[in-house]
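Next up: the structures, one after another.
Two complexes are shown next, each including chain A; its partner changes from chain B in the first to chain C in the second.
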Partner chain A sequence: MRERLLEGVPRQGVILLSALLAVLLLVPAVASDYLLTVGILILYFAYVGQAWNLMMGYAGQLSLGHALYVGLGAYAAAALYVHFGVTPWIGLWAGMAIAAAAGGGIGYLAFRFGVAGVYFAILTIAFAEFARLGFDHWPWVGGSAGLFLPVANFANNDLVNLRGSPTMFYYVMLTMTAAAFVLCHALLRSRAGYYWLAIRESPEAAQALGVDLFRYRMYVVVLSAAMTSLGGVVFAFYYNNLFPEQVFHISRSIELILAPIIGGIGTLFGPLIGAFLLTTLAEALGEAVRAVGIDVPGVKQVFYGVCLLLVVMFLPDGVWPPLAKALKLDRRSADRSSER
Partner chain B sequence: MPASILVNVAVSGLLTGFIYGLMALGLSVIFGVVRVVNFAHGEMMTIAMYLAVVLFSAYHLDPLLMMLPIAAVLFALGYVMQRGLINPFIARPEHSQFMLLVAVALIIVNSLLLIFGPDARSVQTSYAYDSFQVGPIIIDATKLYAAAAAAAVAAGLFAFFRYSLTGKAIRACADNYQGALVVGLDVTRLYALTFGLGAACVGAAGCIMVLLLDVTPALGPSYTLLAFVVVITGGLGSMPGALLGGMLIGVTEALAGLLFTPSAKSMFAFGMLVLVLLFRPQGILGKSAS
Partner chain C sequence: MAALLEVVGVSKRFSGLKAVEQVSFNVPEGEIVGLIGPNGAGKTTCFNLIAGVQRPDQGVIKLGGARIDGWRPDQICRAGLARTFQLVKPFAGLTVMENVIVGALNRTNSVRAAQQISGRVIQQLGLEGKRDQRAASLTLPDRKRLEVARALATAPRILLLDEVMAGLRPTETDHMVALFQDLNQRLGLTILMIEHVMRAVMALSRQIVVLHHGQVIAAGAPEAVTRDPAVLECYLGEDAL
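Presenting the complex of A and B:
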């Protein structure tokens, strides 16, 4: 299994990944509480970005409503915990099942009725907005007043109920991000992975070669939805409060897809590097405007928007592809070392 | 519930729908010709709304009279945006265009927040509380003027596309891009003109909207979404479709607000969008792709 997973990965890549993992494992030992929370955010965006990337980057289905799956996972696990005391380790299965069903439902409707491209993107927004308004008027989950989890006791980490310190959440998120990375890597080398790439490049050609478009599109939507919902479960237990207005809002969906787009769509490293760059950029801008003394609401976001604008204008494929080329880690170098 | 209340609410929704229609018309024109979805549409409307508020509070200029100058400002903004920012993205994939306009939207919302702060601003006209009575129906004067202004702007735009040479040239670009190039049309300039016209539409809609609605910087994104709902319901790229979609959504929202709860009214608009996407993806008046 290990041999298969490492097949075709250039040596530098293995070394770089091991070094990265070692650094990430050591972060809580040296980082302050503030840096640790930044680290959790980075890992969270890397994780959900990876899940979204699966659908858009590999299978070419542009979803602008992924906040729906985050929210369904978050609300399912949190509501089960608050109302019945069910541990999130069971609740997450409920969350994944509900999100997968929602993703499957949307995918079924879209792919059966031939809703594609911009229309598909807007359909996903519509369902997320529908859920936002629906949860706003659903008293059992707190409605617009929000759903609150009992606040964590930082003194002892309770992994069973996911109550504890940022350090615990950091390692939970790190595990999930690493697992998502390995899973996506393995998927890309599977039959389904190659089918997805074929569908992304040319649905007609893929279909002509006998790829069942409907079935493989459904697989990717359901998988991406289920993965994204897990991020939502951790989100709920980390922040301890959920408001439909915040969780399902379109700006959450946009925020979630920035990392893979800036990092490089359809690449494994894209979501990681994008999440790192964007989160540190946002934090650094916050620090900078405070230091200069122009900390007025809006300043930080204007700079952030300008940075986004510059990246999309000058790096159309994102940050990772040119960087990978420079480090000789890109696909072409990888293929060369594996072909021989 | 007496029928007269239903009719009153429906008429009021229909009038609001004209403004929705005008706003969506801008989005539809841009998509129909340039094939770029303007994800900063609602944000551009808030720029116009703030311009109207500033002109009103500084010089007491009525927003309806300022509609043309403000639309001209938005036209210039749209023209420059298309020329400088969007044109290089025309051949890029959808997600890339989307990112660009999301960044533009983010900059607009937060620049407005910087300049005007988060508080709601409004315009108090002398006719704010006037109304007309037609039989059992009471019509809000502001809404009637607003709808009339929206209809006038839309009619002007229809006439431009139908009768003017430039309008015909723009339609030619939308119909057959390569053909337009072959006959020597300056497509880049026509695209910029189109984007400017779309922006002018939403600018005019903003001036009218400010009579009915307080403006905050955060208003933008929800109106971008509303414009999508309207345009897709009516048919993306179809001009009469945008107006029809606006009226339909206006009435739907108004009735849903009355019969259920006002905060859930958009749910019905989104529900309608989903139904249209599934059963008539090209929209009610849109042309079928096949």
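Presenting the complex of A and C:
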């Protein structure tokens, strides 16, 4: 099992990953509460970014409505907890099932009727919007007034009901992010992974080589939706309040795809690096404009936008691919150098 | 014995234009058949109909006795028919090896087994030096080879080659011809090839089908076909022989 997981991973990569994991495990011991919440945010974006990347980065299916799956997971687990006292560990299965069904429904409509490319993206936006409007008018989940969870008691960490301190949430998110990383790594080396890449590169050629396009596109949408919904479950129990206007809003969908885009679409490390850079950048900019005394509304966003622009201009493949090359972690360059 | 591939009375029109009309021919098991004809004769449309990219308006296509017209391309591939594209469609962002592995996974669930198959096929096509290069960086002749490698990796019973010799140097053509001869003789691979390079067609085909304006105008042994007056007139020209 271990050999199979590490197959094809350069030695430096194993060392780097172990070091990274060790650092991440130790963060709560040294970080302040503020830094810990930043850490949770980074891990959250890394996790949902990884889930989105599976669909876009590997299989080439652009979703601009992933907030739908975050929201469905969040609402399902939160409503079950608020109304029936169901632990989120059971609620998350409901959330995943509902999100998977929603993803499957959208996928079925799109892939059966040949809706592809930007039209597929529009379809995903449309369904997220349906959900936003629907939840706004659904009293059982609080409607537009929002759904609230009992505020956590930070003194006790109640893992069963996900009530507790940021440290607990940090470790929950870290576990999920690490698990998503390992899962995606394994998937990429499976038949499905190769088929997804083939579909991304040329659907016609893939089909001619025996790839059932409909089936493998459905797999990736359902899997990505279910994974994303898990992020929503944690989101709900961490923030304790859910408003359809915020949870399902398109800005949420855009926000969660930035990390993989900046970090490097279709790479395992992209979502991680992207989430780290973007979240720390946003926080640091906030601090910086306050320190300089130009804390006018919008200034932070302008700087943030400029930074994104620079990355996209100078690193069109994202941050990770050139970084990997510099660190000699790029599998292809590693292979080639070993041949010589 | 029934032919491996049977095309019976197949027609296809594109909004009024008859691309293929009442075309019938057989490809017997273990044979190499050439499909020739001037540009626009309907050769590639024929391939697309056989491979399931398009559905014929009329007619029947059978592979190993089973009707395959109306099937999807991936189903037809799994049934044992692989094809190359005239306008090559490499998985540009993937390495040569990864490209071929996708094909090899048609017959196995195991990526490890697919890697072994791919390694062998890549060697057969003389691409081993470029295994880990991205397909996007390949030259056109190498891309043609990659098309063939991917199709071969699916372990087909019949291989449809759409102008794989075009753009190759004569020595490369000879190499390719030798490869197909070897695959045909050693493994009994059946081949249907569209080809303009007559040197390759004559060397490989035991039977030739000539299409013109979407119809079969001649079929038979290469020597007979190339002397057929109708073929000479429409395709090869008076001074060809």
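Annotations
One rule holds in what follows: the second predicted complex is superposed on the first by the 332 of 340 C-alpha atoms of A that agree within 3 Å, B and C clash if a C-alpha of one lies under 4 Å from a C-alpha of the other, contacts with A are read in each partner's own complex, and residues count from 1 in each chain.
Heads up, the rule we're going with is that a contact is a pair of C-beta atoms (placed from the backbone, for glycine too) under 8 Å apart; a residue touches a chain by one contact, two chains touch by 3 or more.
What you see is a predicted model; the values in this text were computed from it and never measured.
In the superposed pair of complexes, A:278 makes contact with neither chain B nor chain C. Of the two partners chain B and chain C, more chain A residues are in touch with B. In the superposition on chain A, contact of A:213 is made with chain C only, not with chain B. Legend: residue contacts after superposition of the two complexes on their common chain; A:64 is shown touching chain B, with no touch to chain C. Of the two partner chains, chain B is the only one that A:261 touches; chain C does not reach it. Of the two partner chains placed by the overlay, only chain B lies in contact with A:299; chain C stays clear of it.
Common to the chain B-facing and chain C-facing surfaces of chain A is no residue whatsoever. Residue ranges on chain C touching chain A, taken from their complex, read 51, 53, 72-75, 77-78, 82-83, 85, 89-95, 98, 101-103, 105-106, 109, 111, 114, 132, 134, 150-151, 154.
Residues 56, 62, 64, 109, 113-115, 117-119, 121-123, 125-127, 129-130, 133-134, 136-137, 144, 250-251, 254, 257-258, 261, 265, 296-299, 301-302, 304-306, 308-309, 312-313, 316 of chain A are the ones touching chain B in the complex. The touching residues of chain A, counted against chain C in their complex, run 189-191, 194-195, 197-198, 200-202, 204-213, 266, 332, 335-336, 339. If you check the complex, the residues on chain B that touch chain A are 37, 85, 88, 92, 94-96, 98-100, 102-104, 106-107, 109-114, 117-118, 217, 221, 225, 228-229, 232, 236, 261, 263-264, 266-267, 270-271, 273-274, 277-279, 281.
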